[in-house]
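Same chain, two partners: chain A is paired with chain B first, then with chain C.
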Partner chain A sequence: MNVRLEPARAHDRRTPGRTGHAVSRPVRSVLGSHTVPTPALSVLALICLVMLFVNPAFLSPGNAGAVAEQSAVPAVLAVGLTFVILMGGIDLSLEGIMAAASMSTALLVANDHSGMNLGLWAIAVGCAVGAVLGLVAGTTVALLRVPSFIVTIGTWQIGLGIAQLLFGETPPRVTDESFRGLADSKAAGLPGIVWIALLVVALGLVLQHYTRFGRYAYVIGGSEETALLSGVPVRRYRAASFVLAGATAGLAAVMATARSGVGNVGIATGLLFTTIAGVVIGGTFLTGGRGGVLHSLVGVIVMVAIGNAMVLAGISSYVQQAVQGVIVVAAASITLWRARERMRVIK
Partner chain B sequence: MYHTRLAVTGVSVTVATLAASLTACGAVDKGTAASDSGHCKPSAVTLVQSGRGLENEYYVAVNAGARAFAKSLGVQGKYQWIASGGDSSKQLSQIQSILAKGGKCVVLNVDPNESSVLPAIVKAVDKSGAWLVTQWNRPNGMAPEHESAHWAAHMSVDGVPQGYATAKALFKAMGGKGAIVALQGILDNAPAQERFQGLKKALKEYPGITLLADQTAGWDRTKGQNVTQTYLTKYGRKITGIWAANDSMGLGALEAVKNAGRKGQVKIASIDGLAEAIDQIQDPSSGYVATTPSTGAAQGGLGMAIAYAAATGHINPDKEPQDHRSFYLKPMPIITRANASAVPSPTDATKLDFKDLWSQNGRPIK
Partner chain C sequence: MAATPRLRRLHEAGAAPLFVLVALVVAVGAYDPSFLQPPSLASLLEQAAPLTLLALGQAMVVLTGRIDLANAALASLAGVTLAHGLGTWGPAWILVVVVGATLCGLLVGVIHITTQVPSFIITLGFLGIFAGMSLSVSRADSILVVRGYGSIEWIFYRIFGVPLSYAAVLLVALALTACMGAFPLGRRIRAIGLNERAAACSGIRTGWIVIAMFATSGALAGLAAVLQVAQLQSAGATTSDALLLPAIAAVIVGGTAISGGVGGVGRTLCGALVIALLRVGLDLVGIDAAFQPILYGGIVILAIAATADRRRGTSVA
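Let's look at the complex of A and B:
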């Protein structure tokens, strides 16, 4: 079969009745389309507006840099996860994958435990560890037809187990300064991990818009049956999405390890919540078929900005968790507002 | 006739239930084993240490201490470490299956995953006549001296002197003036509350120091780094000190301070005695001033020793005073640059005297 590949946005129109309307008002058509995460951006703008009155330091370049730095790791995670979710799957294994990748990376660069010193090649190994765990999940989901929810809980445990095996008596400390420099050294005012994250997002966007993999992700998520009947090799693409998610989780672990300077089994504690909530707030449907890399990026930034804003606003630790929960629910309601009228299954 | 019998059964059941509940309310339930203390032969004993997992330096030290005790008896083969992985029901079922196999001569030193799992563990141990010492968490109002001889003792570490002494070292290093931020543990954990209470006690003695803000970072290194980074952009150069309720968060804070280009200018103190924190303290340029020694080996070794003494009849828990049943470990001097190089490794249990069970006892837990 020979499918002509066009950028996704050309296909992604709203219902036909409204299309004519949209053409006459180009601004609205951009705002109303599904390709720009307008609702998530407006939530971000709302946070900025509120913080302008509460504590303007939120908008200072220094703090914007801090938010960017703290968003880098979950943003890379979100890029891979987006494709899994676009196809209607879910990947819960990222905390386990990151544990395994963090421990193996820390033990392969110069460190105080093993005599290894692979230098920056360890980055590739970290990604490969993630990709292999992703492949295990992907093939199990695709070939054995086991729901991704349970399979990735399994690979989460496998990853944690590997990480625990690699742990000796103390966490391995990274002594390779060039590896640490990936995270710390700044270019144009932003630390290295932010640039890596931007690169990954750019690659994710290319993948989403201009490759068969990205385009089919929407088809499979929209209707797997249609995709199958049209001859799309659904299983292969689905397995590939888990490999990609695993590889990005591996890279995220490398970045987090470079940033904190130790291999850590608990390196990803709490990141599953930040990332999945970010992807959903960004406007990627858990049922698949809608959303995208840019959406997830904005969603993740919203999540990180909420945490940052609460510290700057001086909200007591005791109520912070609850406040964060309320904001997440409110933000999700706002971003998914337009989706509410459609004939849509909410899971 | 049939009805009468039923009624009688009913009454006797009620009486039995009443009796049982009365015993439960009573001050001391002697447990099911008839004897007041254990009669296990040393060779029949199984030693079991339960905690979260060995991917955590603290539990590596606990395991080392408990193992050292087993070695002192010459029964390393009878010692086992079981990891709950932070899952309470897993911990309970692991303990139950070991009890089913080993019976009366199982000696357990357990760090309950959370206080709510403890009653079930105590019940299981009591029922099988095994011997138990617990660490850290227990529900309010539940204590070995009121429950069962088979729950020989409960020990914990008093966070107040730890928080107090590390905070004082921090304030001294800051020259008695300046402003700090504090990173707290998970707020409903007793150690988190006690340690912070200690910090506040020290703050009262140093009027020149202001606490700008405090925030939980969930005992987590990355969160500690993120929160500190945010504080550094919020307060900027006003911050000259950071107090963290554990070393992981303190080390995260150190990374944030380094990245902000303020390494050495911002002093840091924390609690737990992780190897990395002790290394940082020895490096004068890091600004890290204090931590506390690890209590893991003492908790593992002495906890096991007390339970073993009860199982073999060396002590009769019911005859021991209250401060031998529920107690904090004696506060240890904190680690600063002056003594950091001489601090023994956290896994070093050679200093522990397993013959003198109560040598490390501090104040009783009320």
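Let's look at the complex of A and C:
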């Protein structure tokens, strides 16, 4: 099947004019195309430039390492979420899934609450918990055809409730050293979770470029009707995207638990915003069909860098959530501004 | 869904939530007869009051086919702002806060309509903005209302056993019903929910009506905040946040279709009472509070699966 990878182009009035110049100016064609997240990269450069004057410590190698470490968990989340958003859906359940996965992982490795000691197998269980919750959302969205944002609010609360049930009186403390070593031990100057995140991003890129799942994600997001008429099993792929998002949320919870050393219901507080804002600012369209894993990675790094820069600039942490909210609204508005039309129905 | 036309008509008239409500009252009453005493019924209504206001606001937005994920956070923000300024500015501050909440809702609506970005993402962004603002106002601590509490305390008096707070909620509901029934507005809102393009083609100013519904949702969130501050005599940065899902659940259990166009005020009242009653019932039976979010999540998914209109439209993202 001959599939166009960027069906959303139809909305973009700028693209046809540009392609004429593209042959003569290869650099510009790469930057102007949608394969490279140019806007997000320029925002990142802008932040670096501003921080050069406000607080140069931002650009020190130590702080760059800190940004990388802080980006690891949301980057893993963003890889899964990207495929859901590419298909035109949304997954709001990340925080609930992470709560449930964090609690179950912490209780399954050696800890001071339960007698379990599964060792590193608990990682697989953590991912599985996420995948099962994702499957619940995915099958509901795909088979019963109800909007994903409302279904995933439901699974968010279900995950949160499961985590609260597992919580008991005090947070379970992880005593398994090899598990904690995932976060603590360093290789080539970077902590383990950063390497895990890079691996997940690489796998996400392979999935996006070289598999049927990745290609169909663009088709479904570009036009679900076209995909259906072309014989793409839309429901199955849509459900699969939620399972993938759930599994990556489970893995992110494992990483966050290894980092903090305790199972925690509130382990993901605020991460939903960082991740969604990152995916949007990276240039992935919330209406589906355009963007990608690399875009989301850059976007997430931008969000973490903004948070980090605000701390270094001495801005109150309370304001940060509001700023992230503003970024979600602004980034979504700017990326979708071009697609506005009279009489267009957007709910 | 209904087997016969008559059942179908009953269902479309909104009888299902009423039936569920009566069944729940009977069930809880059978489990614990003291629940049916007037004082405990009155306290149930008082507990349900803020939730009902939020659910009514949400229902107005959902009727146009949108969703407002920010209204509970806006209620929290209004609550801390009210508690913060009530002592200094006196009763006039209540009006200022409610008007302010209305303007916040208006702003959300205007941005949604002008940028043409899906409402859930705009309101999700504003959820973060409102939450951050209430943290800044309250400095992440709960604010106790000492001076000026007298100006809102009366809302939780009972006259002959009838709680004033719920009477006020009923008054709001009545006003909404009147607006929907007596003016063309109600028809227009439903038209937008059922087929926005057709509504626009027949001369309805769809954008303005959607904006008005978001403003209504903001105003009701402000009123809900007043009730909560009056009830608790304090306000925290996240006091009302937990009401977001119950309010959405109330709207959907009430039989308002998430796709818009079908639903109303009366059935949302029933839906909110069902949710409030479930909470009381679970406490009575002695079920762990941790089950409550699981239950709400399950109810939302099941109710939406049962009420979603799958005949029209293919967009299910």
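Here, the second predicted complex is superposed on the first by the 297 of 347 C-alpha atoms of A that agree within 3 Å, B and C clash if a C-alpha of one lies under 4 Å from a C-alpha of the other, contacts with A are read in each partner's own complex, and residues count from 1 in each chain.
In this text, a residue touches a chain if its C-beta (ideal position, glycine included) is under 8 Å from a C-beta of that chain, and two chains touch if they have at least 3 such contacts.
Source: prediction; values computed, not measured.
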Comparing the two partners chain B and chain C, which touches a greater set of residues in chain A: C
Partner chain(s) touched by A:Y318 [first = chain B, second = chain C, both, neither]: both
Which superposed partner A:L336 touches (first chain B, second chain C, both, neither): second
Which of chain B and chain C A:T269 touches, first, second, both or neither: first
Touched partner set for A:I162, first chain B, second chain C, both or neither: second
Which of chain B and chain C A:T287 touches, first, second, both or neither: second
First, second, both or neither for A:Q70, with chain B first and chain C second: first
First (chain B), second (chain C), both or neither touched by A:I90: second
Partner chain in contact with A:D184 - chain B first, chain C second, else both or neither: first
Partner chain in contact with A:L198 - chain B first, chain C second, else both or neither: neither
Shared chain A contacts, counted only where both chain B and chain C touch the same residue: 164, 167, 318, 320
Residues of chain C defined as touching chain A within the complex: 64-67, 69, 111, 115-122, 124-133, 135-136, 139-140, 196-197, 200-201, 245, 248, 252, 258, 260, 288-298, 300-301, 304-305, 308, 310, 314-317
In the complex with chain A, residue positions of chain B that touch it: 53-57, 60, 184, 187, 213-216, 218, 220-223, 225-227, 229-231, 233-234, 251-252, 255, 258-259, 274-276, 347
Residue ranges of chain A touching chain B (in the complex, touch as defined): 55, 57, 60, 62-63, 66, 69-70, 163-164, 167, 169-171, 173, 184, 191, 256, 259-262, 264-267, 269-270, 307-308, 311-312, 314, 317-318, 320
Touch list for chain A against partner chain C, complex: 87-90, 92, 136, 140-141, 144-151, 153-158, 160-162, 164-165, 167, 224-225, 228, 273, 276, 280, 286-288, 316, 318-329, 332-333, 336-337, 339-341, 343-347
